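In what comes next, subunit A is part of two complexes: it sits with subunit B in the first one and with subunit C in the second one.
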Partner chain A sequence: MFSRTSIQTKANIISISLSLAATFIITALLIILIGKNPIEVFGNMFSEVFLSGYGIGQTLFKTTPLIICGCGLAFCFHASIFNIGAEGQLNAGAFAMSLIALKLGAFPWYISIIICIVVAFGVSALFGLIPAIIKIKKDVSEVITTIMMNFIIMALINYFLVDFFAVKSTMHTEKIPEDMMLMKFSSITSFFQGSSLNISFIIALALAVISYIVIYKTKFGYEIRAVGFNPSASKYIGLSPDKIIIITFIIGAGITSLTGLNFIMGYKGFYEYGFSNNVGFTAIAVALLARNNPIGIIFSALLFGVLDSGGLAVNEIVPKEIVLVVQGVIILTILSINTIVDKKFNIAK
Partner chain B sequence: MELFNSILTVAFLTQVFRLMTPYYLGASAANFSERGGVINIAIEGFMILSAFSFAMFNILTHNIPLAIFLALIINVVFALLYSVFTVKLKINQIVTGVGFNILIAGLTKFLMMIIFHSSSNTERFEGIPDNELIGKIPLVGAILSDYIVLFALILIFLSNFILFKTTFGLRLRSVGENPEAAESLGIKVRRYKVYGILISGFLAALGGIWLASEQKSFSDGMIAGRGYIALAAMIIGKWKPVNIFFASLIFAFFEALQISIQISGVPIPSQLIQMLPYLITILVLIGLIGKTKPPAADGVPY
Partner chain C sequence: MYAVEFENITKSFGLLTVNDKVTFGVKENSVHCLLGENGAGKSTLMKILFGSYKQDSGTIKIRGKEVKFKSPLDAIDEKIGMLYQHFMLIDEFTIWENVVLGNEMNAGMKLDYKKIKYRLNEIIEIYNLGLDINKKICDISISQEQKVELLKLLYRNSDILIFDEPTAVLSPVEVNEFFKIIEKFKADGKTIIFITHKLNEVKELADRVSILRKGQLVYETDKADIDVQKLGKEIIGNVEVAESPAKISPNEENKKSFIELKDVTLIKDKVKVLDDITIDIRRYEIHGICGVEGNGQQELVDVILQFEKNISGTVMMKDERVSIVPDDRYKRGMIKEFTVGENLILKKPSEGLISKRTVDTASQYIMKKYDVRAPSAETPIGSLSGGNQQKAIIAREIEMQQNTMIFYHPTRGVDINATAFIHSEIVSLRNAGKAILLVSSDLDELLKLSDRLSVMHKGRLIKTFDETELSSGNRNNLLEQIGKLMIGIH
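Right after this comes the complex of A and B.
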């Protein structure tokens, strides 16, 4: 058992390093291909992202939703639930969060925030429950239902925004009360001056640690992984795969709603259509890269956060869209190299 | 009432048949892949890629046939890459599909900036000309004179024939239903899966090319989820070419209706009509409107 774990760890380290190296080389080649200097591009990105308080703050700000959403998806993926619907789920929760926040002016701020989190979590969880029930009752793959739900949710939000809740001629809701806004790092130390980094980042880190403990150190986490590894065998050790799939889907989808904290309560003060900027899909890559380990997710989210905020830094040399290409390349290299390395180490899937 | 009248016109029906084309091509693309047992949610990405490459080569060379040819080649190459991931390396098909969609969306945005210095759209170009001779036929001429629309209509019968009347189709289907049995009969299972994916890439490309040609430019987000609606059409069509055609037609009807509603100013929220294809798909999947079942070994790597 121990040796198996250590082989797996060794394989993980090798495949992650190889994937990053491969991505680095492919990106460099791409930059050379368009006649620019890759060292200059990477240098600019590095100095912009790491050498100023603002840069670090912005990077961590963009890392936050990826950690949160990645952790939610990690639960799903451990149970072998292919939740492609995080984008819709998190938007539903965040939209609900912004609406309920507007109604809670009478409560003290800490109670309001807790109510907001509970409501947002519940709404996102509800949209995770639907595909879960369809999967269990009708044996329909969650992949298709969650993809379809993404479109349905976004259309519904668009409708409710335009016809009821949006500030006139915008695509965002009204601003929530000022006292419900989360503390920004820049108000504690001038180091992060001007960046949007806020307490949500700490919440995200705590979430990752809790997720790690739940998944790897509790009976429930063991059950999730057992069902994910082999649902029919898990029945023989007394588990109910259906029940676990439903609970996991609810938790996973619910967690994604917390991305709303970062944007709504930590940054803008309102829900804005399209705020998530495909975090729900990028987080799939984040979770994969970390092999669904929540602690690893902190680092893979950071990598994608660096890319996200580094794009602007290199925009003068190469279009910032290059980071989107890099993200795509990372996903495909990690997928292929993982598989090849696992084969070399004879790790059965 | 005005809206009702506008629907009962030849122009509206022509519109429906034209809008059906990308859905049907995308759905057929997905179907050929899934009949071989490989789920392909990268149809969206394939359509984006082909629409962009057609636009790019059309603008750069002003040679429409060449642009079509190159766009098809590029898509088939990507389809081949998709088959390396899903068939050779047996990587999870869903995750691979998501990865391809993210990569292609990023790649086209990047190339747009590099080549056209715009993040939103390319310059305009000449679309694929219609066949003038067919265009002279009354009523149906406006539909059939478009080569790709015409091909899509022929494809209904062609794909039905290929899948159900040829050895190739029988083998492809057996690979998607029961690969072990197919293997024991001497069928090269993996090779047939690759064939299915390549056909998939080719057909999805035609859908993307048609959209770009119709719009006479490429713009970011122009595929707008049509690749996913195509998947829905395939599911609702129960993996059968003729049924898929009708499912595509229904989705095209809703799209045309939505355009008519917007023009007529009738106060029906367009977002609610936009979500209908997806909602219908879920209702079909949970068995409220008929039953549907994928190939038995769909999504299972072999």
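Right after this comes the complex of A and C.
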């Protein structure tokens, strides 16, 4: 008998490699179809992303929010909560983060940052609590409620921003004090050539490790997964599925708020409408790709980060939307190849 | 003439050989019983016959002709039909819609309702199934659902029928009805392969018996030579079956009630699912509840577990927590995606970090103590045999050391060996002073274990037999009386 985990890991590696190869071929064909040279496109992408300190820095900078948001979603998905509302939840938290940061002038920077994180977490968590309660009390699918909450939250932010908080004739808030900004890597070493990569990347990695431990190594994590796999068995085992779903929803939504650290506290210094650039949705794919394993999420986020920053490099040859095509194809191939490989390895679902 | 011939069928999963050169034939127009413990390879063999699995080697012949099925659809084309243990019906559809689903009579877009319904009613009449085809599945009983599954097979003109433990969900009276239907099938020239754990059913029905043990065919006999004792021995091989310890009788004053329900009524969707229930569960006692599935047993258990809040009447409990071995281990007893170890420790109130080592040590102790056979604590519990899964769940619950325990169908789908082990554990717990509620539809089990026995019908406890009533008198009369009470005849 083989242990299940080693078979699963092997199957995962095989299916991901196969999917990447398939994606590569499909995309290459597409590029040929529009009359360009795929080797040139991929070559440009590669050299832009990997051959300069700035390129590496920018790629990791774009990876950071995906790791953070992916971890938040991993919690939800392990409990079988299909949270589509990360985009709204993280915007609410980030908006609150920028506003509270402006009010905290008197505190030392490290206390200010902690307060910002706590407030942002709380606000995002609140917007996770609402669909959670509707799900528990009225049995309404969180897919519907979270999508609707996205619209509500974005409209509210728009209103408050335009009418109260935005710098005149812009869509962003005022800049927070410089001493509250997170340290940039480029200020420590010249290797990153002024890239925007900052400490929140380290925070994201730490978050992934902590999430991994919580989900797979603690009693609470066991309970989340038990409820996700089989709520009615969990009830008879003595857990309270409702309570666990609410707590997990709050934690998952709360974590997404930390996405704001990278942009607001590490890069621009203010909240800007639309800053998140659909991270909340891309992170769904990131988490699913990693089968909701936070360590895996680091790598799947990196993959999307590479595509994102590589897209800019090939813009002059092919439309940069090609990376969206690549993202889509990757998801489709991984999902379909997963099933085939699992079947070959006799992994029951 | 053989309807089905298995020739040297071998099938392995990884290193485990589940069917090892199995060779036997099923005569046309006969009832062929297939026996064996859980994990002996019966289900695998049937799934190969039905095209769900593919054998590694060996051949299958249907009516003398070799076949290679790629999927169950090919098997259905050869007029083979399978009655699964778990029904596959859509609750919100009517009976006839369920039957027709996937097998519409004419290929066009429009269903010929009249023709279909006429044909269905014809079948129902011939086999005396007593179904109203316009009723929805959610409005009929489990035994009727089983008949709908039969109707499906008949509508598809199957004439080789595979029944996988069909009587597990039926009351004694319903079992008799079911046997009559089987006899009619035989009279109509159909061939039936019948899987069961109940040896007295074999005696009554079988024309021929085949026994599998550890994947191999070990014994075959014809109707004339069926000896129930011999069958039992052949099924388990040379192993000692655990014997239940004798019950000890403590003083009357020691028999304190741990749970008392008084005039408890529960209304769900305007139906009284529990109707004026008064019952007490005492120390040193196994209180059996018998009844046809769906007569309020689940709700009674849920009330004791405090899952149901909107009840009238009073519930008094000595302890907050009650251990439960639920009826359906897949749905409620375990997380099948988790490993054996993870399932065993799930309920332990340990806090904080859970290391692989803690899981392993804790679960190896339990696995040894309760003889849960698994390659390791890291094996996914879903891959164990039913008996071992059930032992794992029971072990977990006993280790909780609660004063009150509920056993709900503790031995359903469990082989002779594991059943004996589970029965002896339950009696030991009783002797140790636990209060035990045993809900089951297996009368043999209930009569063997219960100190008191209540019969449940339509949400009411219509009769409670006390110790003297259970121990004195003619057992057959008692069985008949209980059987009648179960379907509401006083």
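Couple of notes before you dig in:
The rule is short, and it goes like this: the second predicted complex is superposed on the first by the 347 of 349 C-alpha atoms of A that agree within 3 Å, B and C clash if a C-alpha of one lies under 4 Å from a C-alpha of the other, contacts with A are read in each partner's own complex, and residues count from 1 in each chain.
Heads up, the rule we're going with is that a contact is a pair of C-beta atoms (placed from the backbone, for glycine too) under 8 Å apart; a residue touches a chain by one contact, two chains touch by 3 or more.
The structure displayed is predicted, hence computed values, not measured ones.
Under the clash rule set out above, the superposition-derived model of subunit A with subunit B and subunit C contains a clash between the two partners.
Applying the stated contact rule after C-alpha superposition, one finds that A:332 touches subunit B and leaves subunit C untouched. Shared-chain residue A:168: touches no atom of subunit B or subunit C. Note on subunit A: of its two partners subunit C and subunit B, the one contacting more of its residues is B.
Among the candidate segments 95-103, 113-121, 185-193 or 257-265, the part of subunit B whose C-alpha atoms clash with subunit C in the superposed model is 185-193. No residue of subunit A lies at the contact with subunit B in one complex and also at the contact with subunit C in the other. Those residues of subunit C whose C-beta lies close enough to touch subunit A in the complex are 13-16, 305, 307, 321, 324, 326, 331-339, 342, 346-347, 350-355, 375-376, 378-380, 382-383. If you check the complex, the residues on subunit B that touch subunit A are 39, 41, 85, 89-92, 94-96, 98-107, 109-110, 112-114, 119, 225, 228, 231-232, 235, 269, 271-272, 274-275, 278-279, 281-282, 285-287, 299. Residues 34, 82, 84, 134, 137-138, 140-141, 143-145, 147-149, 151-152, 155-156, 158-159, 162-163, 281-282, 284-285, 288, 319, 321-329, 331-332, 335-336, 339-340 of subunit A are the ones touching subunit B in the complex.
Residues 1-5, 213, 217-219, 222, 225-226, 229-230, 232-238, 346, 348 of subunit A are the ones touching subunit C in the complex.
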